[in-house]
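Please see the structure below; I have some questions.
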Amino acid sequence: MSKQYKVVHCTVNGKEIEQIVDVRESLTDMLRNDLRLTSVKKGCEVGECGACTVIINGEGFNSCIYLAVWAEGKEIWTLEGLTGPGGELSDIQQAFVDEGAIQCGFCTPGFIMTSWEIVNSGKEYTDDELRKALSGHLCRCTGYENIFRAVKKTMLRHLGKYEEAELVNSQGITEYPEPMPFK
Amino acid sequence: MASQLLMAKSPEEAISAKTAQAAFLAGGTEVNRLGSSVDAETLISLKKCSGLDGIESDAGYVTIGSMCTFQQLIESDKVPAYIREAAHFMASRTKRNMATIGGNIASMRRDSYMIPALIAAGAVLELAGSGGSCRIGIEEYLDKAAEYAGCLILSVTVPEKIKLMSKRYSNTAQSHAVLTMSAAVCGDGIVMAAALKNSGIYRLMDFEKALKADPEMSDDDIISWFRNWDAIRVEADMFGGEDYKRYLMGVTACDFRAGLASGSGKEVES
Amino acid sequence: MSNKYIGQSVTRLDARDKAMGRIKYTDDMCDKGALVIRVLHSTVANGIVKKIDTEEAEKIPGVVRVFTCFDLEEKHYYPTAGHPWSTDPAHQDIADRLIMTDRPLFYGDDIGAVVAEDEVAAAQAIRVLEKSVEYEELPFVLDAQEAMKEGAPQLHEKYPNNVLAHTEIHMGSVEEAIKEPGLTKVEGWYETQPVQHCHIENFICYAYGEGDRTVVVTSTQIPHIVRRVIGQALGMDWGKFRVIKPYVGGGFGNKQDVLYEPLCAWISIQLGGRLVKLDVPREDTFISNRIRHAIRYHITSWMRPDGSFAARTIKAWCNNGAYSSHGHAIAAKGLNAFPQLYPCDNIDGETWTVYTNRSVAGAMRGYGMPQASYAFECHAEDCARAMKMDPLEFRRKNLMPVGYYHAFSKNELYSDTFNQCFDKGAEIIGYYDKVKKYKNQTGDIRRGIAVSTFWYNTAVYPIALETSSCRIVMNQDGSVQFQLGETEIGQGADTAAAQMIAEELSIPVSMVHPVSCQDTDITPFGTGVYASRGTYTLGFSVRQTAMLLKEKILEAAHQFTRMPVYNLDLIDGKIVRTTDGRELMSIGDLALSKLYTTDGSQHLTAESTYQIKSNAYSFGCCFAEVEVDIPMCRVRLLNIVNVHDCGQVINPLLASGQVHGGQSMGIGYALSEKLMWDEKTGRPLNNNLLDYKLSSFMDHPRLNAAFVENYEPTSAYGTKGLGEPPACPVAPAIRNAIGAATGLYINELPLSPHTLFREFSDAGLINDPWRKEEQGKEGR
Amino acid sequence: MYDMKALYEAESVQDAVRLRLEHPDAQILAGGSDVLVQIREGRRAGAEFISIYMLDELRGVSIDEEENIRIGSLTSFSHITKDPIIQKYINVLGEAVDMVGGPQIRAIGTIGGNTCNGVTSADSASTLMAWDAVIELTGSEGTRRVPIKDFYIKAKVVDIRPDEIQTAILIPKESYENCFGHYIKYSMRNALDIATTGCSVNAVLSDDKKRFERVRIGYGVASPIPIRAYSAEEFIKGKEINEENIKEFALTVLQDVNPRDSWRAGKALRQHISVVMAERALKECVKLAGGEADE
């Protein structure tokens, strides 16, 4: 049986790309193997762990369960695209560094892409909404704590709420309202 | 670097695609090399072009398709010995697997391995152009190069049995030749041609006449003839001084006269 | 003198590269042309492979080679545990593994391998091969106590009743002690479950020939040990292999075992040194790598009226799975901790490590202590309740006192660490008010708060060799590179070491560069990272090596300043004359001059090995506040605080990260994680990230880490272990908090809805009218 | 890389229908969040696939001329949750699909795929069942409409003909008119999980907000396919809103649900949770509808 190939035209990290792919390739395969964007990681290949998350037309997707041929005409961003031409880190990347949100670093690329979408949405997420927005990623090293801090701080800074951002680290203990008979 | 590649399936298709910005791509040893003399927007590849790779012998003449590679010539039993000898001048086996006889002619290299022998043999080219195809002698093709530039060489026809000698002077087997000369018996006289690096490819008509007029010329006379022959431009360059080049032509002409006269010419039976 | 770099939250040295996505893990470094290896796993839990018909698989387009267990000319049995080797056979790990076996002992054992051009062809071949294996199936056993009974299937001849090891401890006389009148007896069974490391980067390695040697690039915690074990597994000189460890995507102990490096190296050799890559899919990571030991405890205590312990007994059955891996070390560590955490004069204890036809248990963060801490602290809570004492006060009364000295390990508790941690944690979470507030609630949704502690030490002295080597090389500008045997796996070892070197040489951290990826051809020998030994162990060799280098620097400085060495010092990158404080030259000028001088040129470098002969107690505690929705059988963790005494904290930000990670692992261990097998077929049921319930972002509250810094006298920089301790006290704290909320103290993990529903039904907290007749003791 | 014998990319609905006829045993690939995973697991390895992912004409939510809410089958979960029409008339559907997997899964997963793979745990299915949704299928002879309760035949098998693809899901006007719904997903963790049991309740109250005019309750994973608890609905119809009726309503669901016993969850647990969820969901509906469910 002969293999099927197709040319995919899309923009990756702001650059026009024409890439011939085997139609069986996932987008992760194309990004990692054909375009050598190795920041896109493989953790499970079934859309569970989020390590392969990239931004497609402004939304986060698990690229491991997204066919490469579907990228036709799409605008794709990976972590390599967030760093400035001179190596400048975007503020969400810098926050991950400053808040100790990175340990082994394997889930970091996926997390930063979703966080980038959140902080650039201009919306103010409540804590629970923030957890839900980031819940497509699994991490075993950090317990999600410093990632939560990094994203919340950057979101608040984007909204100009600088003092509130500085308070994030001190609100470790949360007082919950009296339990209703049910929520 | 060309931005478009067309795979012509037939000569007609190749010709219809041939514009000023397009160039034929035969074996590719000239077109594809770094610093190639050919700079075209579009390349028309003849690799898959029908009808250009046969070798036929008919009534004492052999017709060779323009896309035959040098190595095919060498390995073919139909191709006359003097052509196979000239083909051997290209020392690199791998290059011979690519280079084609049509390409070699069309690129008109001043140090061509093949053209002096074809001139000496009175080769006839079959060309195809926008106006249809025609058959012309190789000399006419060389003289009116600009006119025929747009044409596609379909084949080369040469006589099977003639006495022809060739000589090539270069520092190493691979390096370009300062001088490639051929001569053949034609009727009662000799036809002689020379490809002189950084100068040109010439039918040595003047010398042929001089020899015809005075067949008993001494070797020294021949050598001094060439030293004084001012019809062609011979300059000193990295390949040698003017005297050296002229001397080479002279001594080669002497060898040819002796070789062809004594019947020991390389008329080697296949 | 106050430290300039130690104790500072220096940014992780590799944080920027990781945030930019340019860090290279093993798969990122492997060339595209590598052939893909997929392992053929046994689909029976116990059996003998009679035949594997490889013909059909070999015909699949893209398949290059099919290997089976019958292709091994000689069978080299090898140990897989990431322990330092020992020249004393009695101390060597059990060598019972083969790279491919015709005697599978668990579902997922390795019986063959396929080499193909891409993963699709490999997967096709595996599916075909799985149908063409002829087994002689044998009965199997999954439970540890069942495996010890007569007539149970025998896994390894040399170990009758499947008992890998059985050890005991005895102190005083329990028999006599319990005759004392007025004692209260408290007894309990405690059951912990098998869980898996779930590091997000699956195990992966690739191998290729280089000269007459084989290079193996692998995601591991222990490169030097991997090289030794490959040699043993292939029956070849260890020097014939070169192991390289790039950045690692998490290990947690799974990568402290040698996993598929020997098989990968062997296949590369069979194929004439071709580049072959073996990456393990997530489903195989769960069952064919290592898991945590499931341990069942039975503990009995006799309490005096004043709440002190008269006598105590403990039995522990440790399910080791099909092969030895780390052997008895995990069970032994738990047993050894029992008499130390709550000292008592009369103790009888014994523990068994038992083979079963289940995935192999190895090292996982805590190395037996999360299991033991769960049992010890559940039991302590039960004792406190039996004696009607406040659980915290009961602990303060009975825990290891200051000054406690343990003869065998020579450990000593130098400070009142337990009380300090309890006080600090109670204050942060508001423990005392909440205990009062949450007394005897009755609604459907109730809250509770509780505390638990744990025993932990640092590194493995005196049980095994503890050694660390370091090399520091100074460049012409005075900056340095350093190399260490201790590997960076995300815990921040490189950054901690850099801070130590900067402190010792008094140059900024920015001038200290780690050569992070260990390469056994170049990196000085070290056994890697495990047992929370990282910062503690490397501290010794780093300080010693830095001091050696400083000696050479000052000697060189003498040559160029004429000042006697004892009047010179290195401060903030300057050679300073201590008598009047004058700065004589910069470290950069000195390094340049010393290298290029034509009078005694020398390259300033130092290398040394340090054998550590000490250990250090590293204690702490966890406060957990929960909300239990009884009808829905769900637990919501409201707040959690861990307080740890890990000596002087080298980097507070990274240290709190380690605590968060341990808390997270503890939360999953407590509430949702459990690997399950089908009792009838021995087949694993939930070996994927969907059905194995790893905690997600929405299952965690804010995590709080706090520290009590008692400088550890035995340690190079006063540090103690912190990698594993945070994972230990969380599960018992959550269990006790659920008990405080509902009055129900459950002795089984995980405390998932299944468990809660059964326990709440039995206790009548849930009464479904339509189920009156069935309610009662359902099978455990 | 996925093990596919061939991939055919449809450019339009008609093109998809043509491909279905041309390649009878090719399977449909919408968002792929289930199908691609099953290929990797081996269940669908080596098959032929027709990708309809690029058919933008099947995306979007609108009100059609018959005032049905029309949801294009390729509309992703995240777009349904954010859609103003959904939020206004059937917000519970937006909430239900907002509990599928994680944000990235919800960006790729489609409501068409979710219903077509015929799995009882599909988060959208129990709600669509509870709102009497109508499935619109398009084939070579034009479109066909099937009530969702007839669309599900048995586990993993739905009523879709060899030449058809699902093109839309419709919610009739009389189904959503002043009707308020609430969905509870019972799973072992709060994200990236499949429902152990899913319960979707909706209610229309009397004008004086004292009685239940109509209550519908759908369950996922309470039987091989999504179901309705008709006996409970019958019981509560017209009844006064009070604790006792709500409790009785919740108990009555046991006559309809028959969950199975599996390692994922025991039968007793599923039954118990079904009852608790029915009570809580109905109370929430009453509150949403402005009634008084006495605590």
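Going in written order, the chains are labelled A, B, C and D, and every chain counts its residues from 1.
Everything that follows uses one rule, which is that a contact is a pair of C-beta atoms (placed from the backbone, for glycine too) under 8 Å apart; a residue touches a chain by one contact, two chains touch by 3 or more.
Being a predicted model, the structure only gives us computed values, none of them experimental.
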| message | Per-chain Cα mean versus the mean over all protein Cα atoms: which chain has them closest together? | response | A
| Where the CA atoms of chain C average out and where those of chain D average out, how many Å apart are those spots? | 43
| Gap in Å, rounded to a whole number, between the CA centres of chain D and chain B | 80
| remark: Rounded to the nearest Å, the gap separating the Cα centres of chain A and chain D is 28
| Length of the line joining the C-alpha centres of chain A and chain B, rounded to whole Å | 66
| Which residues does chain C have that touch at least 2 chains other than itself? | 120, 631, 689-690, 694, 696-698
| Contacts with 2+ other chains: residues of chain B | none
| field | chain A, residues touching no fewer than two other chains | value | 24, 45-46, 48, 132, 134-135, 137-138, 180-182
| field | All touching chain pairs, where touch follows the definition stated at the start | value | A-C, A-D, C-D
| field | In the complex with chain C, residue positions of chain A that touch it | value | 24, 32-33, 37-39, 41-46, 48-49, 51, 78-80, 82-83, 87, 89, 93-94, 96-98, 100, 102-109, 112, 128, 131-132, 134-135, 137-146, 148, 171-174, 176, 179-182
| request: Note which residues of chain C are touching chain D in the complex, please. | output: 118-120, 123-124, 127, 631-633, 672, 676, 678, 685-686, 689-691, 693-699, 752-754, 757, 761, 766, 768-771, 774
| query | For chain D, which residues are in contact with chain C within the complex? | reply | 1-3, 40, 42, 45-46, 102, 186, 188-194, 196, 251, 254, 263-266, 268-269, 271-273, 275-276
| request: Sort out for me which residues of chain D touch chain A in the complex. | output: 1-7, 9, 29, 32-33, 36-37, 40, 51, 53-54, 78, 101-105, 107-108, 190-192, 280, 283, 295
| request: Flag every residue of chain C that touches chain A in the complex, lowest number first. | output: 9, 11-12, 14-16, 18-25, 27-28, 32, 120, 197-202, 247-250, 252, 281-282, 428-430, 443-447, 489-492, 627, 629, 631, 638-639, 641, 653-654, 656-657, 660-665, 667, 688-690, 694, 696-698, 700-704
